[in-house]
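Following are the structures in question.
Here come two complexes built around chain A, the first alongside chain B, the second alongside chain C.
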Partner chain A sequence: MSVSATTKVRAGSSASAAAARSERGDREGRRLGLALTLPAQLLVLFIAAFPLLMQAYISLTDWSPLDGIGWWQAWELWNSFANYTDLASDTRFWNALWRTAVVMGICVPAEFLLGLGLAILFMDEFAGKRIFYSVLLVPMMVVPAVAGYMFFMLFQSGGPVNDILSTLAGTRVSVAWLSDPNLALLAVIVADIWQWTPLMFLILLAGLVGVPEDQLKAATLLGASWWQRFVTIVLPRMKAIIVIALAIRVIENFKIFDTLYIMTGGGPGVATETISVYIYKLTTQDLIWGYVAAIALAILIALSLLAAFAIKRMAAAGKEAP
Partner chain B sequence: MTRSPAFEIFRYAAILLALAFALIPILWMTSMAFKPIPEWTATGADLTWWPKSPTLDNFRFIFGESTSALIVALDRTAGKPILASLLSATFGTIIAMASGTAAAYALSRFGSGQNLPLALIQLRLFPPMAVMIPVMIMWSFLGLVDTWWGLALIYGIVTLPFAFWLMKTFFDDMPREIEEAALVEGCSRFRVFIKITLPMMRAPLASSALFVFILNWSDYLIALLLTTREWVTIPVYMASLSSSMTGQLYGAKAALGLIAAIPPVILGIAIQRHLVRGVTFGALKQ
Partner chain C sequence: MTAIRLDGLTKRFGDFTALRAMDLDIRDGEFMALLGPSGCGKSTTMNMIAGMEEPSGGRILFDGRDMTGVPMSRRGVGFVFQNYAIFTHMTVRQNLAYGPKMHGLPAHEIERRVKAVADLLQLTAFLDRPSAKLSVNILQRLAIGRSAIIEPAIFLLDEPLSNVDAAFRAVMRTELKHLQRQFRQTMVYVTHDQLEAMTMADRIAVMDQGVLQQVGTPLGVYNNPANVFVARFIGSPGMNLFRGRLAESDRGLVVDLGSLGVTPPLPDQLSAVARRLSGGEVFYGFRPEEVSVSAEGQGIRLPVTFVERIGARTIVHFGAGEAALKAVFDNDVGLSAGETAVIAANEKTVRLFDLATGLAIGSA
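Entry: the complex of A and B
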């Protein structure tokens, strides 16, 4: 407000010279920017625009790759919205969706709490911290298909899990984990928790380390208990990080396929059939691609709406926060 | 902050428990990889955590040399699937990193491609299973099914969001003074990008590329749908290592699993510093 007239003028003239210079630069920058984004834009277009249209088109037909006609001729098998009305009454689909939600409802909170607990233990220095940290992160780096095979072996009825349980119980335990509907789901959940708790640990620890130490020290001097410090200083600062960690796991857990499919193939029966497994089976075994396209498109639309809603909510929350 | 001895005991006990949980599956597979056939399915009192008579037969077997009368030699050895995994993951990484780095730089410096951040997050949001029908149709139309280059292309697209977001945060963090100085010297913006920015970003580029490579190497579902015989990758080949005649080839599968698991674990530990940034799309830095 108190800038003198002369400085204003001088700033103005140098700004206009800079503007002229930067306008030339801007044009060059815009051109280069356009060129540099081109490959990425093309790849996105290649995987988004055309496939979506194709998917929408096929979803309105009874087309299957076995019909002997190309997908572009699928209109010969036009069935209007029959696939979508079928979907509404497809109990196997709704069960798979529900099962996916159950798996998520158990895995994500368990991974979060275990990861947070571990992260709290790693907040300050102690002997062996670095090596423990590295080793605890290893499960998330194991190829998920290989992790699935590990747990397939572990949960065999003559396998090591039963061996450990036998030792603990003192009697011979031989549970057929993967052929019991409920236990198979539990085994799949254990495998997911094994693989992805380290991810929660990694993210949450990075958040905890970012909490300023002097504030914690000050609070300690003022006589705040550990729990008070955690709730009043640490948690509020961790809010965004917790949201990110949970969002990542919810998104990835919804896709659950690799470990699960190798462990149980969705079985016994359909006991561990999640959405991805159900679509996979329809795609490769039933080959009713028109119907698969309808399911896939419905899921894409539902997820997009959910994501748009979540982003809007988060943006609103971000504005409210100081 | 000093802690009470009770807390220290609790801490080590909890960490040891977590370590046991983390390591038991890995130990079991490693031990299985070195077990001879009779020990593969030993149960009860015969179950052993360490192979009683360790052998490399499982590794010899998957590379085509059968040393047991019980199991006939494989008609397809693990060599080609390992090559398929290496080629598709490497070239997929090159596609993702090249297009992602260029776009990230353009957005970070010139504000180009404002639609990309959200579009790429959406790409990551969708389950691959929900877009595979059109991809399978397109890939078969383009003759890309069952080729490593077809896999590389889809891997490049699937991991593009990570490459883009990672590099964007690295470019955003980079001080601009040197670039600006070069511009004043009369360098074109393209030359600045190629000759100055990229060489300065060698370390972030390397760790982002390794991160993307791990993701590509870890794929199972896409290769399961897009490869059939010639260019199946390690996980797909591994799942095929069981027949009605021999049942599960536990040891052979474990040996292959070990080979598949080792590269990402080593690379992951090598880029441990940047893992947080990687998994959170650059939202969080360590």
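Entry: the complex of A and C
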């Protein structure tokens, strides 16, 4: 601290002499920098800012591609905030949002606990660890569409899931998984857990490996049991990484679409219709793009706020446990 | 307060034997240093005493009680890690209270102990500070305090000064020795730094390649090394050792140093012991500190190859055939590289080692 202070004082005396020189240099440098980065900045503007502004503009109109006018002429169909007020009373939207929350509320904790449990198992040595490790990561590599089709087949009335249940029960079980409103949602949840637990496992294993072994030994020597060590040393040390893992899965899970759409198409009826599926249907079937833009923008804002909150928490946690 | 006994303690990792049948008695309240180069098995020994590793053979006894199979959480051992292993996500107070809390002590008792230990170690001012950014001497005190608070029978310290810069190490050594006097506890201290071992320990156990070489007081080990390894390892620089052959002459028993072309006589006591031994091949050893510049004809004339100035002292390297002879002089010695000088070793401090076994012959 004191060293840097003296350096600063010394630098101050010669600074005035160099100031004029460096100011001109700074200005020239800035101009050159702008010229060099301009193409990239324009590109970023085009791919990020432009669509966002376009979306905001369309969301304030009744514009649809069937209207026969270009989107830039959408002001002719200006409806102020009607789309947003409609949204507030759109029960199908709120139901889809609730369903998305239910799926998230089951999937993310389940993936977290399973991933954490597996990660803890993998901290110990056991026979065949490498093979199990590779096998565990396979679901994550499967293309979601393929996974969706796989679970579509598994959950057919005459499919393997019912076959296994029949063997276990001793009598023929023929549950219509994907045509029962409640069971369809369950099937979708199972598929998501299957596919994304490995990611949780991988992130949490990295976190566990990062817990200093000396501290765990020190805690043991001080009389801490396994559970006490886990609560007092491991969890606090992993706080930041747990927040990251949960944030990734919450954001990803909110957008759940491909596996689900292939398995159920949002059905039966609207029983598995999540936000993404609802937006997809509005876009491709109802073609009311002004309304779609409004929903998407509202969700984007809500998710951004959520992410900002998570990042803030992450930074705070990171400060506590360096 | 506990005495530790190691009884034929052995540790094998696959084909590699890290520790070979070690017997050692550590007395109640003693400060014992395990000293040796890296890979000598000192840390393995310590880890087995703490219960972090299982012995492959032999036993560890605390006050006569066999510790085999007693888990490390129930051995009552305080352990200070090389990096102190402070729980950096907690405050100093939480670190100190950790052990008593895990032992399920009542809150008022925890508070009383934290206060007592903090007072003793001068940590009171830091109690509510986060422990992550404390300076290293406070971390050391905290590490010791955190272990001491559960009143362990034994303290184990694993090279606690190796992460500290040289200037600060002297301060920490004094402080550590002072703490040990306060706690009056059996302490085992692992180090590769002989200065730490010499300055702090009551006794030193010198180890090499998984074998205990010698146990003794710091001065005992320095003055009377039990074998060639200890002679070379202890002292900075280590003892000068030259091959020689015992021979009788009209001056009594002498050592023919062959290539050096001199035949120094031996002190009476040493000759008496050496004469009884069969075979005449020995190592002739003397400390660099016991070398002096002498008159022509009363020593060996050797070329100076290198002069190392370390402040108060000057280490002069002489070329002596294939070996090098090192001597420590005061810093005003008038020698420089390229010159030659006549030097002689103080006869009374000469040590002999059996060439075949490396063991010391006799003892002064």
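Throughout what follows, the second predicted complex is superposed on the first by the 261 of 322 C-alpha atoms of A that agree within 3 Å, B and C clash if a C-alpha of one lies under 4 Å from a C-alpha of the other, contacts with A are read in each partner's own complex, and residues count from 1 in each chain.
What we mean here is this: a contact is a pair of C-beta atoms (placed from the backbone, for glycine too) under 8 Å apart; a residue touches a chain by one contact, two chains touch by 3 or more.
These numbers were taken from a predicted model, which means no experiment stands behind them.
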Can A:P212 be said to touch chain B (first), chain C (second), both, or neither? second
Now for A:Y84: first (chain B), second (chain C), both, or neither, which partner does it touch? neither
Once chain A of both complexes is superposed, is A:F230 in touch with chain B (first), chain C (second), both, or neither? neither
I'd like to know which partner A:L137 touches here: chain B for first, chain C for second, both or neither. first
Once the shared chain is lined up, is A:I251 touching chain B (first), chain C (second), both, or neither of them? first
For the overlaid complexes, name the partner, chain B or chain C, with more touching residues on chain A. B
Determine where on chain A the residues touched by chain B overlap those touched by chain C, and list them. 217, 220
Flag every residue of chain B that touches chain A in the complex, lowest number first. 1, 3, 8, 11, 14-15, 18-19, 21-26, 28-29, 32, 41-44, 47, 49, 95, 98-100, 102-103, 105-107, 109-113, 116, 119-138, 156-157, 160, 164, 183, 188-190, 193, 214, 217-218, 220-221, 225, 234-235, 238-239, 250, 253-254, 257, 260-261, 264-265, 267-269, 272, 275-276, 279-280, 283-286
If you look only at chain C, which of its residues touch chain A in the complex? 50, 52, 72-75, 77-79, 81-83, 85-89, 98-99, 102-103, 132, 146-147, 150
Please output the residues of chain A touching chain C within their complex, sorted ascending. 212, 214-215, 217-225, 228, 232-233, 236-237, 320-322
Could you list, by residue number, the parts of chain A that touch chain B in their complex? 25-26, 28-30, 32-37, 39-41, 43-44, 46-48, 50-52, 54-55, 58, 71, 114, 117-118, 121, 124, 126, 132, 134-147, 149-151, 153-154, 156-160, 163, 172, 194, 198-199, 202-203, 206-207, 209, 216-217, 220, 241, 244-245, 248, 251, 254-255, 257-258, 261-262, 275-276, 279-280, 283-284, 289, 292-293, 295-297, 299-300, 303-304, 307
